[in-house]
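Here come two complexes built around chain A, the first alongside chain B, the second alongside chain C.
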Partner chain A sequence: MSDALRIEGLSVYGQGQYDFGRQNADERESNDPLSGQQNTAASGARGYEVISQVNLSLRAGKVLGLVGETGCGKTTLINSILGLLPASLSVASGRILIDPEEQPVDLLQLNNRQRAAYLGLRIGYVPQDVRSGLNPLMSARQTVREGAKRKRDRKHQRSAITQRTDDALRRAGLSDDFLRSDADRRPGRLSGGQCQRVLIAQAIVNEPSVLLLDEPTASLDPTSRHQVLETIRRLADDGAAVCLVTHDLAAIASMVDSVAVMYLGRLVEIGSADQVLRHSRHPYTRGLLGCVPRLDEKRTLQPINGEAPVSGNGLTGCRFYPRCPLRQIQCEVDEPQLSKAQLEHQVACHVAE
Partner chain B sequence: MLPSEAMDEQPQNQSGGVLLRASDLCFAYSSGAKSQSFELIVDELQVHAGEVLVLCGASGSGKSTLLSILAGTQRPDSGRVDLLTDGVTRDLYGCGRQQWKASRHDFGLVYQDVRESLNDRRRVIDSVLDPLLVHDLPKSNIGACVNVWQRIVELVRWGGESERQKKQRAIALDVLRRVGLQAEQADRFPKNLSGGQRQRAAIARALVTQPRLVFLDEPTSALDVSVQASVVSLLRELHQENPVRGYVFVTHDLALARQLADRIAVLDRGRLAEIGPADEVLRSPTSNAGREMVAIARRELDALG
Partner chain C sequence: MGHKAMPTGSVRQRCGRYTVWALLLITGLVVVVPSSFTAQPKREANSFAPPSWYDRTVQHECVLGTDYLGRSYAAVLGRAISATTRVAFFGTAAVLFGVLAVGTLQGSTQSKLLGAILASGNLGVMAVPQVAVLITIATSWSRTSPAWMVNTSMMAVLVLFAIPTGARLIAERVRSVNQTRFVAASQAFGASWWYTFRRDVFPHLLEDIAWIVASVLPMFVAVEVGLAYLGIEYREFEGLGRALAKSFGSIFNGIAQFQLVVTIAVILWVALIPQIILKLLNVRGFAEESV
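The block that comes next holds the complex of A and B.
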């Protein structure tokens, strides 16, 4: 299978001083990673670092799970592909190549107008928040139709669009029953799972080769979550390259092909689902797995030490060092790089065996 | 302290004593269209002292509605919810306003949305102090009228903190410390706390009146898995500390229920599909809804090895 999208050495920086409103001015001096309030003053001319040197490729027909805690840069990564970074963030280096093997185009070099030729057509996107992702005044069918209109069919335009709209709703896992009775309702009258699938339908209506989903199951109960994930799996089997962003390892474990784990803007472990989830080697991945409650044993959950700092600034060496149970002196000064330990299974850690 | 039976390995046996009893509950609402109408019918549900009862179910199965009815914040169309304390039975929806207010501090509530459950414009400590002020706790020996008078005097004096205020503040800080928030963090505004810390503050607010019953509506679903783990550990510690307090916990995550529950109740489209000891429900669910939930949870978790 070929790569549909390749990210090479992507770094994103924020301007000026780090400030997400979570710190008080008086705490900026303090530097206690375990309290979860990591603060440092402005770090040089480039501002603070949000994503650092990320290499990632999305393969056609495969689902990649991008996993990490809040604030690790998952959504920023997606937004930089889409060109949706807020004004305070900017891409410092790297390339995002679509169709890297045939006719590579660097999305970062395009202006908004050129990029629009890709968004919604070659790249489908499902935003994080279901309710605010849908226009409350448009019915489900109108929403998807609006997306379908972006692709011009020369003949039979109107009927072709209607056809594709219904087809997308069906492929997103909505029943014929829904198409008949509920598709003309506004999002306020639909359930969370239905809204989520309408958003997916809108993203896939033009049959994009790359599909980016930001926490598509966060607000769903297990049954609808399972159905939505099955839908996503089917889309990948039809040939789309899917990137699924989530913090919930358990939810996606059964349907992803590969997993990339992110911590503070860096990839710390990449590999196949089996390698990362069953034979994880990075202490952070193990920590995340230890937090997942299991069904069979009433064992104590093992929360990771401390909370993730809001920025990696001021830390040298391994970003996970302050919370790591296996840390050694080397980790504090020397930043580990992703190393190919086994085929395709890469870990950024000095101590991982 | 309650009888030692409450600390027994299996608090699901009746020895914990019934703390809350709901009978013949019926609650219905509709929002225009027929397909949107909803009806919750529960014949009988009991919460025992010292147990964690988990309400499980899909979205729209009525678990949050049932929680609100049990917690006394949503009047059912018919039926009654009795709080049994110190040998007194009190119908939450049938008793007068005064009586209702008098038992209100026996209930602690924690909500799902960590962003909205605390007042953004007040410091955390003030939000946690609120229940103490509203219920005028800890109870002093002087009558209620005098207390109101005292409060007016305190308000007029404005400047210094009275002994009583100092005492209340100490209680609030103590509870906050118990949930892992230091005095320095208690003086912050909610926006200056992380999601996990905010939920801890909300738990502290629910516990500050020393309630007999705590109701939690998906308290961890808005949090990261790693933060969820630490909040769940906290809840387990709190449960062990006070073997008398009953918990009602709403979640759709069965594996999470497993971590906390003594009994699990599965709701399906407004009906109580099954209820029983957590182990039994998870091992051999009898209802369709229960079987489906267990099967999905198993499939997901099997992939993790």
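The block that comes next holds the complex of A and C.
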């Protein structure tokens, strides 16, 4: 399977100082040359670091699960691809290539008008939060139809748009009964699961090659969550490259092909679902998995110690060091890179290596 | 056994919509007809004639009697409604345009400069009595000044005074809608600014627009009536204010008293049309789904 989208060395910085009272990035670079090694592209004057040197590939027909705690930079990564970063954040370096193996186009080099040619057509997006993701004044069908109108050519007449709209709603897992009786209702009168699938239908109506889903199962009941995940799996099997952002490891365990774990804006472990979820090597990933409840096993959940800081600024060495149960002296001064020894299962940890 | 859904809500909604259309039609007719079909009552009369039920020029009785110049009061009132409503509609449209333009700009850009101007404008509107400014402007023009200049300057003051409050309201709404995820989803779909505004933002402004219209239109009516009653009116303009003042001038005449009551009722009707329409459309219920 070929790469549909590739992220190379992406760094995003925020304006000003987020972590007051700590060293800023300028000071860190001047005081600690070791930690500056990875961030030479990003000037400390840019402010606080949100995402640093992220490399990722989304493959056609595969689902990548992007996991991590709240605030680790998952949504910011998605927003970087879509060009939806708030004014306070900016991309400092890196490339986001669509069709990297055939006709690579760097999305970061495009202006808004040029990028619009890809959004909705080549890249589908399902926003976080089911309820606020849908316009409360538009019916489900109208919402998807507005998306379908983006694909304009002579073949796509009114009837064709209606046809594509209904097809997308069906492919998103909504029944013919829904199409007959509920599709013209506003989101306020639909269930959370139905709303989520309407959002998915909107994202897939133009059959994009890349699908970005930002926590699509948050706030859904177990049945709806299962149905939505099945729908996502089916879309990937149809050939879409899917990036599923979530912090719900248990939900995605059985349906993703690979998993990337983020901590404080950096990838700390990446590999196949089996490698990361069953044979995880990074203490942070193990910590996350330790918080997942299991029905077949009676055990005490063991949350990770402490809280993740709002930014990695001022931290030298491994970012997870202050919370790591396996920390060593080396971790405090030397920032680990993703290991290159095993290409399929990369871990950024001195201890794991 | 299945229950049949009660049609009460939809029937009420349909009745409300029909009434709204009827009201708009009546209002439209009232604005247009006096200029097009009704005989235009002349302002000048051959001689002063006290109000009477009998119109000597057409040789029959009038529904509302005649005014102090012997003209049919129904025609005079029709023309007054038309004139006042036109001014009110024009002024409201100007305010709405200004409010939407400034409010959307401020809500989208979050410009500190524009925000400061609006805030100070709002304070200025509260600190300076609008009527005092209008009286000053109306009286400062020389008697030989063209009527349109005097009227335009008064309209401009009214519009400028109404913009800051409405613009801040719209700006706040635009800002909050722009922060919703469905707008982000629209943008992630490659939607242009204009598309997002038209499809996602503007429908959520309707409630505020309705509120602005419902408060600004009566203001124009009230200012026209109030100033004309005080003798400071739009020049060469026979609106409801003049009709009120003249019928009040003959207050000791029984017919004039009747005409006064009718005129006050008409003024209230013209001023309250937007509120009645809002109530019938149940805009509050509509807005509950808004953000």
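Going forward, the second predicted complex is superposed on the first by the 321 of 353 C-alpha atoms of A that agree within 3 Å, B and C clash if a C-alpha of one lies under 4 Å from a C-alpha of the other, contacts with A are read in each partner's own complex, and residues count from 1 in each chain.
The definition used in the following text is that contacts are C-beta pairs under 8 Å (C-beta built on N, C-alpha and C of every residue); 3 or more make two chains touch, one makes a residue touch a chain.
Just so we're clear, the structure is a prediction, and the values are computed from it rather than from any experiment.
Student: Given the superposition on chain A, are chain B and chain C in a clash or a fit?
Tutor: Fit: chain B and chain C sit side by side once superposed on chain A.
Student: Now for A:303: first (chain B), second (chain C), both, or neither, which partner does it touch?
Tutor: Touch status of A:303: first partner only.
Student: Specify the partner with more touching residues on chain A, choosing between chain B and chain C.
Tutor: Looking at chain B versus chain C, the one contacting more residues of chain A is B.
Student: Return first, second, both or neither, reflecting whether A:184 touches chain B, chain C, both chains, or no partner chain.
Tutor: After superposition on chain A, A:184 lies in contact with neither partner.
Student: What is the contact status of A:125 with respect to chain B (first) and chain C (second): first, second, both, or neither?
Tutor: In the superposition, A:125 contacts chain C only.
Student: Which partner does A:291 contact after superposing on A: first (chain B), second (chain C), both, neither?
Tutor: First partner only, chain B.
Student: When the two structures are overlaid on chain A, which partner does A:106 contact: first (chain B), second (chain C), both, or neither?
Tutor: A:106 contacts neither chain B nor chain C.
Student: After lining up the shared chain so the two structures overlap, which partner does A:221 touch, if you call chain B first and chain C second: first, second, both or neither?
Tutor: Only chain B is touched by A:221; chain C is not.
Student: Nearest approach of chain B to chain C by C-alpha atoms in the superposition, in Å, rounded to an integer.
Tutor: Nearest C-alpha pair, chain B versus chain C: 7 Å apart.
Student: Considering each complex separately, which residues of chain A are in contact with chain B in the first and with chain C in the second?
Tutor: none
Student: Which of the residues in chain C come into contact with chain A in the complex?
Tutor: 180-182, 184-192, 199-200, 203-204, 289-291
Student: Using the touch rule from the top, collect the residues of chain B that touch chain A in their complex.
Tutor: Per the stated touch rule, the residues are 33, 35-36, 57-60, 188, 191-197, 224-230, 232-233, 236, 252-256, 258-259, 282, 292-294, 296-305.
Student: Give the list of chain A residues in touch with chain B in this complex.
Tutor: 21-24, 36, 69-70, 181, 189, 191-193, 220-224, 226, 247-251, 253-254, 273, 277-278, 287-295, 298, 300-304, 307-308
Student: Help me check something: in the complex, which residues belonging to chain A touch chain C?
Tutor: That would be residues 82, 84, 115-121, 123, 125-129, 132-138, 146-147, 150, 186, 188, 199, 202 of chain A.
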